[in-house]
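What follows is a set of structures for review.
Here chain A shows up in two complexes: once beside chain B, once beside chain C.
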Partner chain A sequence: MEQVLNVVFSTAFLAAVLRVSTPLILPALGGLISELGGVINIALEGIMLIAACAGVLVSVWTRSAGLGLLAGLALGTLTSLVLAFFHLNLKADLILAAIALNLLASGGTIFVVYLVTGDKSSTSRLVSGQMPFLRDIIPTIADLPTIGPILNQNILTYAAFVLTAAVAFFLYRTRPGVHLRAVGENPEAARSVGIDVRRMQYLALILSGALAALGGVYLSMGYVKFFARDMTGGRGFIALAAIYLGARHPLGVLVAALVFGAAEALAIQLGNLRVPTQLVQIIPYAATIIALVLYAIAQRQRVAARQRKFRQAA
Partner chain B sequence: MSTEPLIVAMRQIVKVYPNGLRANDHVTFEVRPREIHALVGENGAGKSTLMKILYGLEKPTAGAIYLRDQLVHIDSPHTAIALGIGMVHQNFMLVPSFTIAENVVLGAEPLRGGVLDRKAAIAITRELSRRYGLEVDPEATVDAVPVGVRQRVEILKALYRGAEILILDEPTAVLTPQETQELFAAIRQLVDNGKTVIFISHKLREVKEISDRVSVMRNARMVDTVETASVSEEQIARMMVGREVFLQVHKPPLQRGEPVLQVRDLEYVSDAGVEVLKRVSFNVYAGEILGIAGVEGNGQTELVEVIAGLRRAVSGCVLLGGVDITRASPRQVRRAGAAHIPEDRLTNGVALSATIAENLIVDRFEQPPFTRGLLMQPRHIAQHAERLIEQFAIRAPSAELQVGMLSGGNMQKVVLARELSARPKLLIAAQPTRGVDIGASEFIYDQLVRARNDGVAVLLVSADLSEVMALSDRIAVMKDGRLTAIFSNTPHLSEEEIGYYMLGVKHMSAEEIAANW
Partner chain C sequence: MMQTAAPIAFDREAARRAVLAERRRSALIDLGVTLSTIGVALLMGFVAVALLGKNPFVAYEALLTGPLTRLGRTGRWLELATNLILVGLGVSIAFRARQFSLGGQGQMVAGALIAALVAIYVPLPPVLGVVVPVAVAMAVGFLLGLLPGLMKAHLNANEIVSTLMLNAIVLRLYDYVLTYFLKPEGSSTTRSLPVQPTARLPTFTELLGVDLGRFNLGVVFVVLAVVGVWVLLERTPFGYTIRMIGANEQFARYGGINTRRTIALAFAAGGAVSALAGAHLLLGVHGRLFLDFVANIGWDGITVALLARNHPLVVPLSGLFYAYLLVGGDRVEQQAQVGSELVQVIQAVIVLLITAQVLGDWIRARRSRAIPSQEG
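The block that comes next holds the complex of A and B.
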């Protein structure tokens, strides 16, 4: 137990939380935009995989991490564009189309990897590019005592926090953002004031794809430096849970993603101790379910408490 | 008459919906500048369709529209707005979680440096609200304000977009009498400010009160347009229906039986923590109609929904035929013998995307003859639907039509047909004639009285006091979540007297009320 507490209250743990939360925050923000636009994007998982794979391969090929990032972003966004086209133009069911994309992404990425490397599990034999860490930009940072390791994060981690603020600004302070939310809540109302509903939903899906793609690129070119089969490990789905746990608001979503990140970081640290790995590995998923249950209970309690208060007053 | 051009002239408009239904058949409709023009007609006559065409929501199959003698092509609401046409729909088009100011400016938000200017939005709303006497709090969210206010928001929305011609589709259907008077005052102020108002209503008394001219539609055609002052309510009704209409109710003397519904000390607290029902007690007896009068929003909706099992009471009890249904599910309540005509038919009354036939069996689909073993019996379902469509005069081309495509009044008939054909012991009718034309209202009154005569206990809740007075054997009044009176001698009551109780000026003592349970 003491060992566990030591782990949790170490700077290494804090640094780890930020590291593992990043690929949750980014897709969760994307999912939030799609949810508020009334077209929840269940394909976050697949988009992340595609972007992660594309990033690695292009960065190997071009020897440029930057081009890898762009490729991942472009392909991830394109995937969500395909989803948008199927749903908004061809009237395919949004959920089914997204499930199909997820399956396609899982099989498709590893197929491409096999074609390129002859390896069916990962690209570990290739030397992938990596997005820079803060240390690569400000070299002295890593030497700072205590906070050095915490601050030395990948620039995509910094981007995740900046983008949280940017998404909040977009949704609440810009015209397209407000239109997007109006479309999600009452499309008839939006249409009746001349807002193009389909265009806003395209926008919502494209933005969600771009944000999920960033999360995917981070996984394969920041968190690690290779692509592996199904390396997203359900993060695209945990991100969906973070949307509701975060009360469908960017800040709440950020906090929820950090909570899930902390659970995962804990699992990783405990893996170094002598705890059965099977148990440890379920922590993030169990945390997700428990968090959602607690959230539902808390909401009920709040209502019940208010009712009791009135009963007493009467 | 002056030589000023007509502000709106719709000529020879034909509208055939994709399913082949002819909703407008060579309709010509002309509006003069700065007039209040009423458009009336039975449910399904094609009024909303005609207005949707003017507002660009539906494309006419044939015909032409002129604004001030200029031929125009209105292909979308966008175009309509640009041409100065605004519409307040039968179902409100608002974003509930947005503030009133945000809703008013939605789609044309003021910007400052590319960013939304919230202060300007609030200032604009406040200024419009002041100029036209439409009082609202710009910073309140729409889901927190009553329907009357929501409607003002809709009107403000249209005005903000520069509407010169304002279409109000059944604006008073959801309003209390007081709210209606406020709306009329606002409409007059709009006309004083140079606007033109087109007003759809089923309440002929209102049409007489507010309009300058009235156009009557029947069966997809325009019957006539006349000066309102030159016709009586009865004449308008005859033009609409094509025959005499009697809204007088003829009831045989009361044959009161056993208490069917017993409500005792019922209390309910809303999710928001507001105490909505306070120790409500009353009975409804077999063979009587108990009417609940009251200004809307005094707990009537919640009372009905608690009894129907849609909300959970905090304390107290409800007995139906001696069975405790206080905590029963809606299905258990129905099994115990209750039928419920809900006040909000769009959400609780019908499944909009299901067919008429399906909607007519949703409360009994698992019982024979509709299901045998595990299989539905399409033939029985269809026969059942055909019979009810005929019996309740539902105007629909086929039982396989989606209910969402019916006009408001016909949707209500579908609900009525289902609930009455369930042969209930207790019939709860909440706002049964809301949005329903006078012909159909007459029919519904008839059905309610017939159920009563057959020994059904009828609980009628209505915001329309004259309706409660006409139908009820006993009248209870609700105010602030309490029953403040129960009257047994209804023939000797005046609307005024009940009005005092509705406004809370008078109330009976607990003993007096208990004596009349």
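The block that comes next holds the complex of A and C.
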């Protein structure tokens, strides 16, 4: 137990939490926008995978991490555009179409990687670009005592925090953001006051795709420097859970993603302490289910309280 | 539909015939759309292979004739189809109630694990040796399905997230039990002991003396499950409530149906059937457990269910079709140096196109406009 506490209260652990939370925060923010727009994006997982793969391959090909990032972002966003087109124009079921895209991402990325490298498991033989860490921009930062390792994060980790604030601003302080939430709340009412529902839902899905794509690029070009088969490992789905645990608010979602990140970081650290890794790996998934139940119960009580108030008022 | 409302004197028999005819037409349209979707997806794969500089004719010859080129491959096709049909049936039950339970993978793994605990360590007489592990597996699958079902029905907790998380948990637990308890001392590979001889489902290779791979008597499960699920969905009050909820949940609730109970039980029933697939994989195909036992079969079951539009009598056809593509895909990889994932991509395109309601609706709308003029 003491060993565990030592682990949890170390700076290395804090740094690890930030590192592993990033690919949860970004897609969770994306998922939040889609959820508030009433078109929850289940394809986050696949979008991340496609962006991760495209980022690595393009950065290898062009020898530029920046172009890799752009390619990942572009392809991830394109994938969500396909989802939006199938759902909003071709009336496809949102969830089934997203499942199809996740399948496409899982098979398609390996198909392409196999063509390029002749290896089906990963691109580790290629030298991928990597997004810069803070150390690469401000070289002295890593030498700072204690906080150095914590501050020396990938710029996409910093982007995740900045984007949380940006998403909150967008959703609550801008016209399209408010319209987007109105559409998610009640599309008929939104339509009746002249809001273009389909356009807002396109926007919601595209933004969610772009954010998930950033998360994917971080995984393959920040967290590590290669693409591996199904490397997202369910993060796109844990991100969905973070939306509900975070009470559908950007700040809450950020905290929820950090909690899941902490659970994952703990699993990694405990794995070093000869605890069976399989059991430790269960922690984040079990935490997700518990969070889902707690959120659902809280939500029900909120509704019940509102109903009581309504009856008293009447 | 229009013409049944028009006559003033209401002819019950004619109305019934008209409804049935309309339903037949609708099913035919669905069939046509599905088949053309498959055609389009295969064509896109063909073009993709050509664009990648590989010979698409070689690749597609391997894909489309692969399972028939040798009896052993035919056996592999049928064995795989057995699994896919079982999972597909399991998935289709909850899908029919418009509940997106994605737990098939975990339910298969759990079913196989529990069946193995019985089949390896408990010596049982013939027949019971198979029946008991299968029953235990189905019971566990039922419970594993019930959990997200209850969460969805009573708390409205997102079933996609909960079932996926349960899959991940079950898979880790499986690895744990296999590595720390089932692996014999001193064994270098992570695998369990074989199941008791009485627990093995005999393969047709043994029974008929020709090489049909590991295609086995578990095919009986398929027949039983198809009939069972069909009766359950189409011929029982419970199935009727499932279909009602699938059509319109709110309407079902206002109609006095206990939607919560139905939803939870639909999840659970699906879990039991998916776990049966896991038991078949153990007792009929592999005979022992190892890491990555289920591979991707639980996921492919979702495609099989969707291709069949969740209809239990169509699931066997779509299962046979998809297993055929998978076995062909392995041949493609050997013959044309194109990854077998080509099949997964084709699968995804098929599912994506099938979900696009517009095409079928458009044909239906055209037809219903055309009909009155014929009769009028």
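Note that the second predicted complex is superposed on the first by the 293 of 314 C-alpha atoms of A that agree within 3 Å, B and C clash if a C-alpha of one lies under 4 Å from a C-alpha of the other, contacts with A are read in each partner's own complex, and residues count from 1 in each chain.
Operating definition for what follows: a contact is a pair of C-beta atoms (placed from the backbone, for glycine too) under 8 Å apart; a residue touches a chain by one contact, two chains touch by 3 or more.
Note that the coordinates shown come from a computational prediction; the quantities given were computed from them, not determined experimentally.
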| item | value |
| --- | --- |
| Residue contacts on chain A - larger count, chain B or chain C | C |
| First (chain B), second (chain C), both or neither touched by A:5 | neither |
| Contacts of A:282 with chain B and chain C, given as first, second, both or neither | second |
| Contacts of A:298 with chain B and chain C, given as first, second, both or neither | neither |
| Of all residues in chain A, those that touch chain C in their complex | 42, 86, 89-93, 95-97, 99-101, 103-104, 106-108, 110-111, 114-115, 120, 234, 237-238, 240-241, 244, 276, 278-279, 281-282, 285-286, 288-289, 292-293, 295-297, 299-300 |
| Chain A-touching residues of chain C, taken from the complex the two chains share | 52, 100, 102, 151, 155-158, 160-162, 164-166, 168-169, 172-173, 175-176, 179-180, 299, 302-303, 306, 338-339, 341-345, 347-349, 351-352, 355-358, 361 |
| Residues of chain B that touch chain A when the two form their complex | 57, 76-78, 81, 87, 89, 91-98, 102, 106-109, 111, 114-116, 157, 161, 267, 269, 271-275, 278, 314-315 |
| Of all residues in chain A, those that touch chain B in their complex | 173-175, 178-179, 181-182, 185-186, 188-195, 303, 306-307, 309-311, 314 |
